[in-house]
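Shown next, in structure tokens, is the structure this report addresses.
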Amino acid sequence: MDFALSDDQIAMQASAKRVLERCAPLEAVRKAAARDRGPVNAAAGELAALGVREMLVATDLGGLGLGLLDAAIVQEQCGAAAAPADIIAPSMAVEGLMAAGSRDQQAAWLARVVSGEVRLACAVAERAGARDDAGVRSSASGLSGASVFVLGAADATHVMVADQDGRVHIVAAEGPGVGLRALPAIDEVRVFSRIDLDNARSEALVGENSPGRGVDRMVTVGRLLLAADTLGAAQTMLDRAVAYAQERKQFGRVIGSFQAVKHMCAEMAAELEPCRSLVWHAAHALDEGADEAEVMACLAKAHLAEVGTFIARTATEVHGGMGFTDLLGLHFWFKRIGANRQLLGGPERVRHDAARLQGWV
Amino acid sequence: MDFALSDDQIAMQASAKRVLERCAPLEAVRKAAARDRGPVNAAAGELAALGVREMLVATDLGGLGLGLLDAAIVQEQCGAAAAPADIIAPSMAVEGLMAAGSRDQQAAWLARVVSGEVRLACAVAERAGARDDAGVRSSASGLSGASVFVLGAADATHVMVADQDGRVHIVAAEGPGVGLRALPAIDEVRVFSRIDLDNARSEALVGENSPGRGVDRMVTVGRLLLAADTLGAAQTMLDRAVAYAQERKQFGRVIGSFQAVKHMCAEMAAELEPCRSLVWHAAHALDEGADEAEVMACLAKAHLAEVGTFIARTATEVHGGMGFTDLLGLHFWFKRIGANRQLLGGPERVRHDAARLQGWV
Amino acid sequence: MDLRLSARHAAFRDHVLAVLDSNRDKAPTSEHRGLKHPRRLAWQRLLIENGIAARTVPEAYGGFGAPPDILEARIIAEAFASTGLPRPLANQGISMLVPTLLELGTEEQKQTLVRPTLHGEMVWCQGYSEPGSGSDLASLATRAHIDGDDYVINGQKIWTSTAREADMIFCLVRTEADAPKHKGISYLLFSMATPGIEIRPLVDMTGAANFNEVFFTDVRVPRRQIMGAPGEGWAVANATLKHERGMLGDPSATKARFMRLVALMRRETVDGMALMHNPLLRDRLLALQARVFAMQANGLRVTTRQLRNEPAGMPELVVKLQGCELNHEIARLAIDALGELGLLYGDHPQLRDAGEWQQMYMYDLGLIIGGGTAQIQKNIISERGLGLPREPRASGG
Amino acid sequence: MDLRLSARHAAFRDHVLAVLDSNRDKAPTSEHRGLKHPRRLAWQRLLIENGIAARTVPEAYGGFGAPPDILEARIIAEAFASTGLPRPLANQGISMLVPTLLELGTEEQKQTLVRPTLHGEMVWCQGYSEPGSGSDLASLATRAHIDGDDYVINGQKIWTSTAREADMIFCLVRTEADAPKHKGISYLLFSMATPGIEIRPLVDMTGAANFNEVFFTDVRVPRRQIMGAPGEGWAVANATLKHERGMLGDPSATKARFMRLVALMRRETVDGMALMHNPLLRDRLLALQARVFAMQANGLRVTTRQLRNEPAGMPELVVKLQGCELNHEIARLAIDALGELGLLYGDHPQLRDAGEWQQMYMYDLGLIIGGGTAQIQKNIISERGLGLPREPRASGG
């Protein structure tokens, strides 16, 4: 029995942290928010050098054969840095291909993913609730419709799109009948997009699993990694609040000596610490195919959304007015946590899915 | 524009407070909890002397023609004292008769209510959700079924029972086919009962309003007065917490000088103070027949349940271990607030009713 | 208890509504940008002339000259809420400085400053907070020494809204370095065009610069441009802050915001179902509605006590804490109801309500936390409202 | 990460389960009342003999004598959770005093006290808290002066559970009146039959007397019945309190409680609909399930760190605060789910789950607030876990 990261995982965690500190310090985050692609490309390159592209791909397909716990560790560091980079969409895509693709499709696409020739975005948001009649229909003439809040589309060559029946298709990002546009978003560091399809040609994944299995796996993996991202972001906000409280003086004392401030910090730590174990456990359970794995991933997403919201506000509050300004950049983490809360389903929706998985609906 | 109690209402409030301090001090509350009927009868007698029996009855029927705001003021004092007495069921009964009775029925029953000859209990809990197939059916041979958590049955001569269609009937408490038994309850100071009916003879209220109007009025009035009761009980708990914090020393200081304790007290006060205005406003709106009156009564009930729960816990917490013991008797208020929360519908149920009234369901 | 208006007040309400209705076409809109757009100034003038703005300021100083009447003020506020027309100017100069000037200013100050301020021709900003003094305002460090007939000011202010648009500033400076913290502060009034003033916009989390930093380097201000006596500025500042409290936590604004949320939840759908039919979101909505009702009723209670010249006590003490939090909670539910669409910010066809929910969610947080406000409010409630002891060692705030 | 057991530990688990299964008929039930019912003592003896209780206490002192192994301890706890059989005795004597005795007691004390305590023949109560010293334990006022070979004790203790059933007490007394608060305290062990001890049951909000007050009037205790040196009792007490922390917040007990709540909500109906189909209650249930999973995983992390002899750090510091609160929240949802039926208390056909939810809802509150525990826990987390400064002027706890 050993509930801890392996030495390899600790090394991976440290590498990711070091790399992101180097290529995504606060100034780089600011630049990315101002739509400078420089830091974005730098961070993507550095992460690729760590092996994130091949991480989840099975060894017999040219990958590293690592698991979602490894991915979660890296993603947590992205959140901690509020980095203009993440591995959410690529991880969803690989897992989606493994769940829904035929053997041939897996071999063909994953080889190109590993080489970097193909970069996959994911258009599955409607699986967690469709707004404004969004949704994609598949017909003999191709895919039509729209999907909003596509993840990972900024530099994607292809998009994995779920249709209304849950079948997953791959379309070329710049193919005919495909319109992919970035959305103006409150979290300016990452890119969210909308895809409009008009009889777009696509390749449907035709593996043996029932349709729906692929998109559900993608959503589950996405939720897990969003939870990991929030975990990292919330930890940074807590750490910064504690550091600020130890330094800022009011009424002749550091504010961290006031009981009200101390207890705010203690409440944040008490809420956040078990979340780390929860995310790890959910990731490990998915890797092992454990019974409660999907339930745990949903609950990790929902719980981190709640704890993250609490910490985003409380850590800002500890910073007083400074937390509200752009000067300290604290708002990048605040907004990231807020965005993670809503992506792939708000907490109520995700809890509902967890209830459904247990037959409680 | 004058949002304040009238001089008469202030006098009534003071009288109720004085009377209850005299006849329902903590020792009397303890005795009542031990099923001593002495303090119960004393409190009932004192309240009757204040005119609570005739308070809500129209002047042309021999009453005082006062309103629910007056009733709420008195009920708030009952809650403040955790008194073994209340005017919830009698007030529901009078309002139910006015809403659902024919003129003749109103005249006949209310005269006997005013004289004290008739004391009415209310069996309407199933209107806010029935457990264990409780419910009463009306047929040619009489009323049959059961109703749980009957209010005001301890010394009642008759019970107003709502059947499953919402029609209100009056049965004699000791008539044939009527079984009325007190329930063992966590709030031992007041009496809650179960009524079992087996072809019991009854008089149906046959006023002009549609069936359902009477029971709905009864539930609304009951909810308002439960909110008023919680208001009073929560205010007492807050007052006692503040007094304790000013007196109890730890680490060489009164605990009320610790910021954590000060802020707990401030949060209680900040939550509770607007509740007083809410209860007054809801009562006044019901008296005036204002558009939003029923909605407001529901929301007062639900909101006081939430604020009351928060204060019951927080005030106990300020008292430390002492709050947990029987020594200070604080638990009588704690349990009263807890009971009020559930009676005639928990907060979620009551908010759902408020949504329905606004066409939002 | 009687929530109806007297005949006199009902007549006043009708008057206000009639004036507003008949001048609807003169109201400025979002097209008329700039604090001093002629149309805005004309609207303010029209409101003053009809006794709907600056109502209780004496005519001699540019106001309407009516006796104070809390209920009239309330009727005016509700008339704007119900018609949706633009409210009278209510900047810091009008709401905070003018009442203080009328109370403590010299006759010359009143003669020269009040009228243009009321009419929107003279815009003020407030120089109170400093980077080192948030909750602990009295620890301010901007200094002014006397040189001939002038004060010479050096230091820095922060959280100065409208600094870039302002003509004038009312400003706290330390004039007596050796005096105890609350003594030795003076209250100066001077032009923002004075040499030596530098303004740096302070971008906040909303992406806009709602505030500024203001730097003073050897800024010379004539000694007579002081309000109150030298060294007595703390008392003057407290007089203005008393007027600030009234500006936050208006329950009719909260009610209006709540109704916009109701509209949003009836309109917006997920998977074709209106959000109002999502039981979880609806339950949260109703829980907030209870709070909205409670704060409205609490407001009626505060007004009644003011009408009766009674101390407002606890009902007033809780308004800011509870009102700001409630506003924020309403925005928070809207953000959750919008879901992913709540992440949009900026020009997009799917952006709802012009992004106001996102804006309010962040801006209100600034109001709650600015200078530790929620913490300070809890201290005030526990000390003034409940009589608990002051924090040992704490001073000021 | 590997959540499987090693072959050795899997074998141990099988052994434990086999012992329990084959002795199922010997387990005491609720019919066997009284702490010293022969059946209870026999069960405890059986568990010790098979290495399932007192496992790491040396054989010389009445234990099983195995080397310490965190995982074995965990396997044992889970075996009892899964079989539902009565756990080994875990009173304050066994869980807190025995480890302290083994660490700090004299050989004579170990020889005479450990074995009967482990076997349930000698029951202890704890004399720490006093009416005047709740969170501030070190301010205790019960005094003992030396008279010949004896200490003579006068004073009062409170929150003493099992005082009425106890044979012995471990008790903090002030033996040096003039020493600083944390000095001058001594740790005495003596019989509850000593003349001059009076016990008053302390009824609490649950209606039962789960605790007692204990009064000492000229209670004479031989001077050798001390643990540690005179005046060094504070350090001894801290050693025992360290062992107490492990007793609260067991995640497998929380999980079991949660599963009972799930069963309740699937079974119970309102208007014929199962509570599990009420979206509002179900959402609250799922939110709690996330916390249950989180605390379980956190527990695995704590155990792993213990196995590796690493400092447990923050994961351990948060267990008591979060665990107690979570238990209480589970009971609170159950109470809301029960609705009016949750008001029943005592013998009635409609009472659910023998009233355990009502009981737990109140009792857990006592655990959370007893002696300001939640506040103290937050102080500990902020100071030891986050390195924030101690409260100025505060001392002790």
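As written, the chain order gives the labels A, B, C and D, with residue 1 at the start of each chain.
Going forward, a contact is a pair of C-beta atoms (placed from the backbone, for glycine too) under 8 Å apart; a residue touches a chain by one contact, two chains touch by 3 or more.
Since the structure is predicted, the reported quantities are computational estimates derived from the model, not experimental observations.
Ranking A-B and B-D by contacting C-beta pairs places B-D first.
Each chain's centre was taken as the mean of its CA atoms, and the one lying most distant from chain C is D. Between the Cα centres of chain A and chain B there is a gap of 51 Å. For the pair chain B and chain C, the distance between C-alpha centroids works out to 41 Å. In chain A, 253, 258-260, 263, 348 are the positions where the chain touches two or more neighbouring chains simultaneously.
Residues of chain C found to touch two or more other chains are 279-280, 283, 375, 378, 391-393. Against chain D, the residues of chain C that register as touching in their complex are 279-280, 283, 392-393. Only residues 125, 129-133, 148-149, 183-187, 192, 249-253, 258, 260, 313, 316-317, 319-321, 323-327, 330-331, 334-335, 338-339, 341-343, 345-346, 348 of chain B touch chain D when the two sit together in their complex.
Note for the complex: chain C touches chain B at residues 1-6, 9, 71, 74, 262, 266, 276-277, 279, 282-283, 285-287, 289-291, 293-298, 300-301, 303-305, 307-308, 314-315, 317-318, 321-322, 375, 377-379, 381-383, 385-392. Those residues of chain A that touch chain D in the complex are listed here as 1-6, 9, 69, 242, 245-246, 253-254, 256-257, 259, 261-263, 265-267, 269-271, 273-278, 280-282, 284, 295-296, 299-300, 302-303, 306, 347-348, 351-352, 354-355, 360-361. Listing the residues of chain C that touch chain A in their complex gives 129, 132-136, 139, 158-159, 202-205, 207, 211, 268-272, 278, 280-281, 335-336, 338-348, 350-351, 358, 362, 365-366, 368-372, 374-375, 378, 391, 393-397.
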